[in-house]
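Across the two complexes that follow, subunit A remains constant while its partner is subunit B and subsequently subunit C.
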Partner chain A sequence: MAKIFGLFFWLLVVNIASGQDKFLTKEGFVSFFSHSIVEDIKADNNQVLSIIDTTTGKIAIQLLMRSFMFEKALMQEHFNENYVESHKYPKATFSGEITNLDEIDDTNTVTEIVGTLTVHGEKKEISTMVDIRMMDDEIVLKGDFKVDVADFKIKIPSIVANNIAKTIKVSFELHHKPYE
Partner chain B sequence: MKNYLLLFIFVLMLPFKNLAQDLESILEEEASDTTLTVSGTFNGTRLLNGHSVETRKTGVLEFLISHRFGRINSGFDQLFGLDDSNIRFGFEYALNNRLTLAVGRSSFEKTFDIYGKYRLLQQKSGENPFPFGMTLFGSATAKTIKDYLPENKPTFSERLTYTGQILVARKFGPNVSLQLMPTFIHFNTVPENNDPHDMVALGIGTRIKISQRVSINGEYYYNLNPFESIDVKNSIAFGVDIETGGHIFQLVFTNAVSMIEKGFIAETNGGFFNGDIHFGFNISRAFQVKKAKQN
Partner chain C sequence: MKGRRFKLILGFLLLVIPLLLASIYMYNKPHLDVKKSEAAYVLTAQNLIKEYQENETTTNEKYSESVILVKGKIFEVSTLKGNSVITLKDDNSESSIICHLLPEENGKVLSLKVGQDIGIKGICTGYLLDVIMVRCTLVE
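Right after this comes the complex of A and B.
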């Protein structure tokens, strides 16, 4: 009997310990910005899911395109209906790896993330430098990168071609908490 | 002992369940309720002549200019109706995502109209789906044309007509939407004594998208108890919607000349298949006058 309880205790410890190496957020922030001579377009998403496995350095991010909030409500509707086709491709995802994760501590460090970004059903390999901070109870990732609209086969009609930038700046800030 | 064994197996499974999962599947599990409201059932707040279930989002002011020319079969002398033009201006303001209030004025019979639209139910997809959307519409119109003898001057109340509609729509996938419009109209004044003051009609409409920004629309209202003193036809409309950013252009072919409910539903007298067709258009421009709510 004591052996069973010993094993039970040991498994419990393992369970907690193994839980500690994953960090998750459900309220991550991602925004994109398009600058053109006609207008600036910005949209924010505050419901981004992101998870980091500290043992492997792997990271997975996903967000709903419909959760991007625009200043103009009509623009938001058109973004979903006509541009990114949210009914067909509801999510954007990123799956990648943080390099040198074992060297990172609680001071701000710049490191590289490489991985695959999927938007509008189109995959694209990207790599970007990020600001990262790792504490016992939080991992913070911050940064921005640029993507070409054309890479994701998002059609822009010629009538609004001057309103939308060819290259979009994407910014993110993710505060991960321990995931049990 | 058996209980301990079960507990043992259960505990054993816990950590391995976590280990077996990859990061993507954890995210799938953690993703919250994915019920989404279905948007863009119709391109604009108008199907063609009448309203669609759509309302604008909080803080949007929409300006509408609509035209109906004369009858196409009026011949070359009238340049196929283009010499004759009726216009309606309207302003709609969305107080919130559900409620819109609006005013308009038509040159036809110099009629003012005020109305409210309230989005009662929205079609939803995802975890907790809902099959259709429902919007309530209510309007009052005042005819101000001086088409009476001086001694018969009507009171303000006698100029009024009220319309109530229950708009029910469903989007069947990204390209096809269908709408039903049960309608009730009350006339304070009718042409002759034997004409009904209360009228019931049923409308049906559809939108078929043929490209990302262009759709073909159709709309038909069947009047159950029309006026008896005048030869009233059911209103039919076909058209094309072209959407470009904040603008919507609608090209309309209809047998109705009026652009307000009581007019095209109850008082249309042109026969569509006799060629009494009016060409017209609706142009709308939406302005975000108050910043959209971040939620």
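Right after this comes the complex of A and C.
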């Protein structure tokens, strides 16, 4: 299953990457935040790959789960080994579309992104509002959305259930540059 | 009677305190010190990219979570949020190795030049369009 999805992703990347109107970043930022009465947990990933095709509005995002950096080493270890099982599912992906991309200008800078998020081998349809800035030499996407841990079949042991929120806030900031 | 209770409490404390200390230590366990760690694998940029392109899954299992030392030519030096990023590239491939360096390496990076041969030690997190390495440090 993962292989098939991987193939789709590559087809999309190859399709997207072969033209002139592609924008890309390999240093995108994605972070997640979990708030609970016991503790707040935050992890940042600064190595996110994202590609936009401006002719179709299609967007493909890929990131490595192991690139999420936590403040505490133990949290990072538990996250990778027990919760998201990075050895089995090393990547998270998003493949979707920026709606009304052709209507974006200096005054109209908010639109919607709709697509499929895959984490821990589980797919989930996501739609979220994004702040978008379109320039000749850069496209910036910024926003956040919420996901339920349970939707991705991530098992949290009951002993730490109070330490981890049921709903996680995901924030992103992607500065795409023209792709030659 | 009194002496027995005292012994019980003492025994209990002797048992609980080390457990408590151990869990506090575990909770605050520091991140792996890449600089002090011996590299589990030493390889060239070319070989690392080749291994990932031939079989991503097994290569991931082999290298992820361990400290590796990669030798290659500098293709690009840039910064991201105040930290240096060095890209090593193999002439025969479109892919590269993107190394995100620790903040304390910034000073040393200034003297580096594109095209120079260097060694970078760090933790490999996997492969997207390129191999990604984090917590990297320069090796003389």
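In the analysis below, the second predicted complex is superposed on the first by the 157 of 180 C-alpha atoms of A that agree within 3 Å, B and C clash if a C-alpha of one lies under 4 Å from a C-alpha of the other, contacts with A are read in each partner's own complex, and residues count from 1 in each chain.
Everything below uses one rule, namely that a residue touches a chain if its C-beta (ideal position, glycine included) is under 8 Å from a C-beta of that chain, and two chains touch if they have at least 3 such contacts.
As the structure is a computational prediction, the values presented were derived from the model and not from experiment.
**Q** After the match on subunit A, would you call subunit B and subunit C a fit or a clash?
**A** clash
**Q** A:87 contacts which: subunit B (first), subunit C (second), both, neither?
**A** Both: A:87 reaches subunit B and subunit C.
**Q** When the two structures are overlaid on chain A, which partner does A:171 contact: first (subunit B), second (subunit C), both, or neither?
**A** In the superposition, A:171 touches no partner, neither subunit B nor subunit C.
**Q** Once the structures are superposed on A, label A:49 by its partner contacts, choosing first (subunit B), second (subunit C), both or neither.
**A** In the superposition, A:49 touches subunit B and subunit C alike.
**Q** What is the contact status of A:72 with respect to subunit B (first) and subunit C (second): first, second, both, or neither?
**A** Once the two structures are laid over each other on A, A:72 reaches both partners.
**Q** Would you check which partner chain A:62 touches, where first means subunit B only, second means subunit C only, and both and neither mean what they say?
**A** After superposition on chain A, A:62 lies in contact with both partners, subunit B and subunit C.
**Q** Quick one: is A:111 in contact with subunit B, with subunit C, with both, or with neither? Answer first, second, both or neither.
**A** Touch status of A:111: no partner.
**Q** For A:36, decide between first (touching subunit B), second (touching subunit C), both and neither.
**A** In the superposed model, A:36 contacts neither subunit B nor subunit C.
**Q** In the overlay, work out which of subunit B or subunit C sits against more residues of subunit A.
**A** Residues of subunit A touched, subunit B against subunit C: more for B.
**Q** For A:27 in the superposed arrangement: first (subunit B), second (subunit C), both or neither?
**A** In the superposition, A:27 touches subunit C alone.
**Q** Does the superposition put A:179 against subunit B (first), subunit C (second), both, or neither?
**A** It touches subunit B, and subunit C stays clear.
**Q** Can you tell which stretch of subunit C bumps into subunit B once we superpose, 4-12, 58-66 or 112-120?
**A** Superposition on chain A puts subunit B right on top of 58-66.
**Q** Intersection of subunit A residues contacting subunit B with those contacting subunit C?
**A** 26, 47, 49, 62, 64, 66, 69, 72-74, 76, 80, 87, 90
**Q** What does subunit A use to touch subunit C in their complex?
**A** Per the touch definition, subunit A meets subunit C at residues 13, 26-27, 46-47, 49, 62-64, 66-67, 69, 72-74, 76, 80, 86-87, 90-91.
**Q** What residues of subunit C sit close enough to touch subunit A in their complex?
**A** Going through subunit C, the ones touching subunit A are 26-32, 60-61, 64-65, 80-81, 85, 98, 100, 125-130, 132, 134.
**Q** Using the touch definition up top, name the residues of subunit B that touch subunit A in the complex.
**A** Subunit B residues touching subunit A: 4, 7-8, 11-12, 14-15, 18-19, 22-24, 26-27, 30-32, 34, 36, 39-40, 56-60, 174, 212-213, 243-246, 286, 288, 291-292, 294-295.
**Q** Write out the stretch or stretches of subunit A touching subunit B in their complex.
**A** 1, 4, 7-8, 11-12, 14-15, 18-19, 22, 24, 26, 44, 47, 49-51, 53, 58-62, 64, 66, 69-78, 80-82, 85, 87-88, 90, 93, 95, 155, 157, 159-160, 163, 179
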